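Below: a set of structures, written as structure tokens.
Heads up, the next two complexes both have chain A, just with different partners, chain B and then chain C.
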Partner chain A sequence: MFIADIRKDFYEVVANQRVVLLVAPDIDALCACKILQALFHCDQIQYTLVPVTGWQDLGTAFLEHKEQFRYFVLINCGANVDLLEMLQPDDDSIFFICDTHRPVDVVNVYNDTQIKLLIKQDDDLGVPSYDDIFRDEDEEGEDSGNESDEGSEPSGKRRRFDEGAVERRIERQRAKREWEARRREILFDYEQYEYHGTSAAMMFFELAWVLTKDTKDMLWWAIIGLTDQWVHDKITNMKYVTDIATMQRHVSRHNHRNEDEENSLSIDCMRISFEYDLRLTLYQHWSLYESICNSCYTSCSFKLWTLNGQKKLQEFLADMGLPLKQVRQKFNSMDMSIKENLRDVIEESSNKYGMKDIRIQTFGVHFGFKNRFLASDMVHATAALLESAEKDDSETDNFIKALDALSRSNIDRLHSGIELAKKKLIAIQQTVASCLCTNLILSQGPFLYCYLMEGTPDVKLFSKPMALTLLCKYLLKAFVLSTRNKRCKLLPLVMAAPKDVEKGTVIVVGIPPESETSDKKNFFGRAFEKAAESTSSRTLHDHFDTSIIELKTEDRSKFLDALITLLS
Partner chain B sequence: MFCEKAIELIRELHRMSDGQLPAFNEDGLRQVLQEMEALYEQNQSDVNEAKSEGRAELIPSIKLRHCCLLRNQRCVTAYLYDRLLRIRALRWEYGSVLPANVRFHMCAEELQWFSQYKKSLASFMRSLGGDEGLDITQDMKPPKSLYIEVRCLKDHGEFEIDDGTVILLKKNSQHFLPRWKCELLIRQGVLEHVVS
Partner chain C sequence: MDPSEVEFLAEKELVKIIPNFSLDKVFLIGGDLGPFNPGLPIDVPVWLALNLKQRQKCRIIPPEWMDVEKLEEMRDLERKEDMFTPVPSPYYMELTKLLLNHASDNIPKADEIRTLVKDIWDTRIAKLRLSTDSFISQQEAYAKLDNLTLMEINTIRAFLLDTLNCMYKLRSNVQ
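Showing the complex of A and B:
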């Protein structure tokens, strides 16, 4: 069931209890977790934090902790599957789920006792009504009771009544069949597309605000959570802009309190500011030139994998009057005269080159003399740490490192994350360039397909879901801009990359087609399931995003064929 | 030379200057005591001889042996006392149950001393702070907050706290627990205090 009052029905319920936090491995979940941890520290609510990387992990963690804990809080996992059936909990376990995955499973919505959804009821959900899906069993019992009563009537009338009863029974069965067919249709429509709702970090920030325990740190984490959804293309532009406006209100409220003529804040205090900043990834921690070359938006608009594109870039820089020497050095060392009007200069020139949206609404943070970060910088750095492909670190080690990087006291870790993110972005751009130049993207009819061979440089980076999804999106954007085939521009993309060479598995990701007004709804979750079933391929649907699966390399071709037939 | 064995005992302790307890060197101790016995007997016979026969030239050797005996005695008592001090520190570090490998290094008398020390510390703690007593082995440094966040560094299995609740300590899980329940494990290195 949906929680109406998050303070009364969630926070006060767990106030004197011990809770388990099960957190999924994405940045929004990490931010939500940090906010919730800070709230729990305030009120001294004892908790245990367990990172979970997939459904199996979730099941194991639940089994390990179910004896000792009654209350489970699931962050960014658990809403889109029938949780009670999967975990088989005892009757006194209560689950609080704050998940951005939609559609929310209908059993989770209509369970009144054990599942509490920390999701706003109007959050673009479209849940089918109760009567359409669930039918009370009592109705049938009454009817059979009537029949037996009627059967005891005198025999003269019996035959007529019997006929009537038979007719009624046939009518009922027909109605039931119709109802079931409609139910199947409704559920199919409801569960066909997977998409994302409001950020979990924002939900928990709202809880903090309602409790008036919100701090600037929590606000910053909420902003990072929202920006993560935008960077990884999980929400539509409209929703992003609306949510930014909500956050802007909170930011002005926080900023309003502190500064005036006489009492100005110390330089070490945290200041969050609204920025209408450039869409160049990590540009303040890199050189401007590198950032332009490695940001998806600019690289795709210029088509930097072609010679023509490189020339256009040089023209662009010349047009703005930026000398190459300046542009290639670290951003912090650029001349002040250039840095002052940089954003406006770039915006003006970009309009000439067809890049209308070079600036995006976002937030930046500023504490101490050296530390300035944009929200997207934090997202890229933390994502790189979370998915770093070091051999010795397990996934939970990476989770802990990424969680630490979000605290203000661990700037070193954040900087190492930024370095990793730079490497990741360079790798993505190079892979995109090579895929396009060697025509690795093939049209399979209803979708485009690309397979990264084992020897590809940096292929280890792409064995991780978030990195592969990012690569997928960049690749599709670049492909759409570079192909001349009009039909191909509207196709979705399926991408496969080797995951574990020893076990012989590949990771497969599907993303919806690229368009300006895309609603980001992804149907590959169901499609992958059906294709795997029909060919009995050995797949592992372990990831919380159903459009990402693991597959045995040998089954790749038959799985693809099944997918093609399914979607044609 | 005399007293060399005794110096070796001291050197053994000096090598482990960080408070670790090496194994009880029963052999070494026995050798020192044997040396002392031998010296004493020689001295006894010489003293008797000197007294009965008035041979004054034996007096320096008697004096030498006497000094060696005193030296040996001093070294041995220093050895035993330093070990006791280390064992006392173990109570404060490990709690009342010592790990098996440490207990292995103690001799029977030291174990007995340890249990006596435990008892007297316990009765002292009970006598403080009214009815319940006060556990002074907790909070060695002034605590900043009632509850702390700890991260588990290795798989420790299940951990039972005083009120009966059990927590599963798995690697890389984080917990928010009352300070006094975690202090012991932090000292042992299983948990790490997370400062954010």
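Showing the complex of A and C:
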């Protein structure tokens, strides 16, 4: 059931209770969790935070806590499956779900008692209407009741009645079959494509705003949640721009007080500003040259894996009049004269090289004298911390470290995250370059396929879902720009990488085809399920995104064949 | 005494806040905390003010002495005089630190205030050092220092007492 008034139906319900927060491992969920934690601290609401990495984790966590807790808040997990069937809770457990995964399972939408969805109802959901899917069972009983009555009538009239009754019964059965066929069709259409809705962090920020407890910290976290959806390509450009406009209104409201010259704020206060900044990842914490080489947009536009591309890059830098020595040193040490007009200069030159969208609307934060970050910097740093492939750290440790990095008091952790993110980006670019140069991407008919061998450098980084998805997207963009085959440009990409060498599994990810106006709807979730069923491959559909699965290495080829037959 | 203990004592000072909630009178061992009404200023101890501020339940109003012009005057006066001048508040250093760390968005010109208070503190500590130096070198038996705050005394207490003890031992051994 959708919640109408988030303050009355959610916050005031949990106000004097203890709650369990079950949080999925993505940055948007982390930001939403931070906002909710801050609100709970203000009102001294006791909570238990449990990071969950998949459906099995969710089930285990639920079983552990169901005796002591009645209220469960699920962040970025749980909306797209029938939760009651999966968890089998008692009747008094109540679940508040704030999830960006769509489509929302119909049982979750129409359950009135135990499942409360913290999702706006107009969030382009397209839920089928109740009558189309659920049908009362009473009509069945009437049918059989009538038949038995009429069966006991004396014979003369009986024949006529019988015929009438038989006809009606046939009619009802036909109608029921038709209704069921339509219902299957509607459900199939509804659940076929997987996509994402409004950021969970933004939902909780709105809750904070309604409670008038919103601070700049919470606003910044909401912005990071939104930027995470954009960086990991989960929402369309249109939606991103609309949400940025919403955030911009909040930012102006908070910045209203800074304007007063007489009582200017301390330098330590957080200042969020709207920036129309360059799309170069981490460029303020790196050198400009490295950033251009390792950002997806520029690297793909120049085709930096070819010699020609390198030459074009040198031309580009020469065209802007930037000396190589300046461009290769740390951004903060570049000459002020160059830094001043950098954005405009780069925009002008990139227009000449076919990069029309080198600038993107985003937000930046500024506190203290040294600390300036863009929202996308924070997303990359936190994602690198969350998925760091160190041997000793468990996933919960990584989660807590990433959560800490979002606080203003843990700048060191953030900087270490930025360093890890740089390594990750370099690894991604090198892998993309090597895949393209060695033609590792094969066209299998209805989709493109790429398999990362075990000995590939940095392959451990790509055993994690977010890093692999990012690699997938960059690879597809680069491939589309480098191939001459027109048909291949419209194909989706399936990528596999070794996940666990001891257990012998690979992680498989599928992403939709690359296009300017893509609506980011992914059909691989259902396709993977069906292919696994038909070949009885040993798969684990544990991840909250249904388009990411784990598969035994031996079953790889038959799974692929099944997928090819399914999709052609 | 630990500086944190001095800070703890400083938190008993009263400061004005404007709450945004309402609560009836609260009766605590240390005293009563009067009824809270949204939008009406009320005096509370600093420890409560900071807790409420962190829970976003109030707005802190800076004390009267925490003003750029007044602090500038005090700093200039301190620099002119040889003796210690009267302080704005017996816990001026701790209050500045606490309020500026937690509520700097409610205090106008927070950076300048921080600098001015630090200047006053530096001048007073320098005077303290000079006077201790002359006390020891002239082997005085008695010194009178007015207008010192607990925090300043605390910075020198342990060191001074230990040194005086050592010097006494050295002198008594020589003789």
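Annotations for the structure displayed:
Just so it is clear, the second predicted complex is superposed on the first by the 552 of 568 C-alpha atoms of A that agree within 3 Å, B and C clash if a C-alpha of one lies under 4 Å from a C-alpha of the other, contacts with A are read in each partner's own complex, and residues count from 1 in each chain.
What we mean here is this: a residue touches a chain if its C-beta (ideal position, glycine included) is under 8 Å from a C-beta of that chain, and two chains touch if they have at least 3 such contacts.
A quick note: this is a predicted structure, and the numbers were derived from the prediction, not measured.
After superposition onto chain A, the modelled positions of chain B and chain C are compatible, with room for both.
Touch criterion met: A:S407 reaches chain B, while chain C stays clear of it. When both complexes are overlaid on chain A, the residue A:H41 reaches chain B and chain C alike. Legend: residue contacts after superposition of the two complexes on their common chain; A:K530 is shown touching neither chain B nor chain C.
Figure note: vertex chain A, arms to chain B and chain C, all at CA centres after fitting on chain A; angle 40 degrees, rounded to a multiple of 10.
Ranking chain B and chain C by residues of chain A touched puts B first.
Touch criterion not met for A:K558: it reaches neither chain B nor chain C.
When the two structures are aligned on their common chain, the gap between the nearest CA atoms of chain B and chain C comes to 6 Å. Shared contact residues of chain A with chain B and chain C: 41, 44.
By the touch criterion given at the top, residues 55-57, 100, 104-105, 107-111 of chain C touch chain A in their complex.
Contact residues on chain A toward chain B in their complex (touch as defined above): 18, 37, 40-41, 44-51, 64-65, 67-68, 394, 396-397, 399-400, 404, 407, 409. Remark: chain B residues 146-147, 149, 151, 165-168, 170-178, 195-196 touch chain A in the complex.
In the complex of the two chains, the chain A residues touching chain C come out as 41-44, 213, 215, 257, 262-269.
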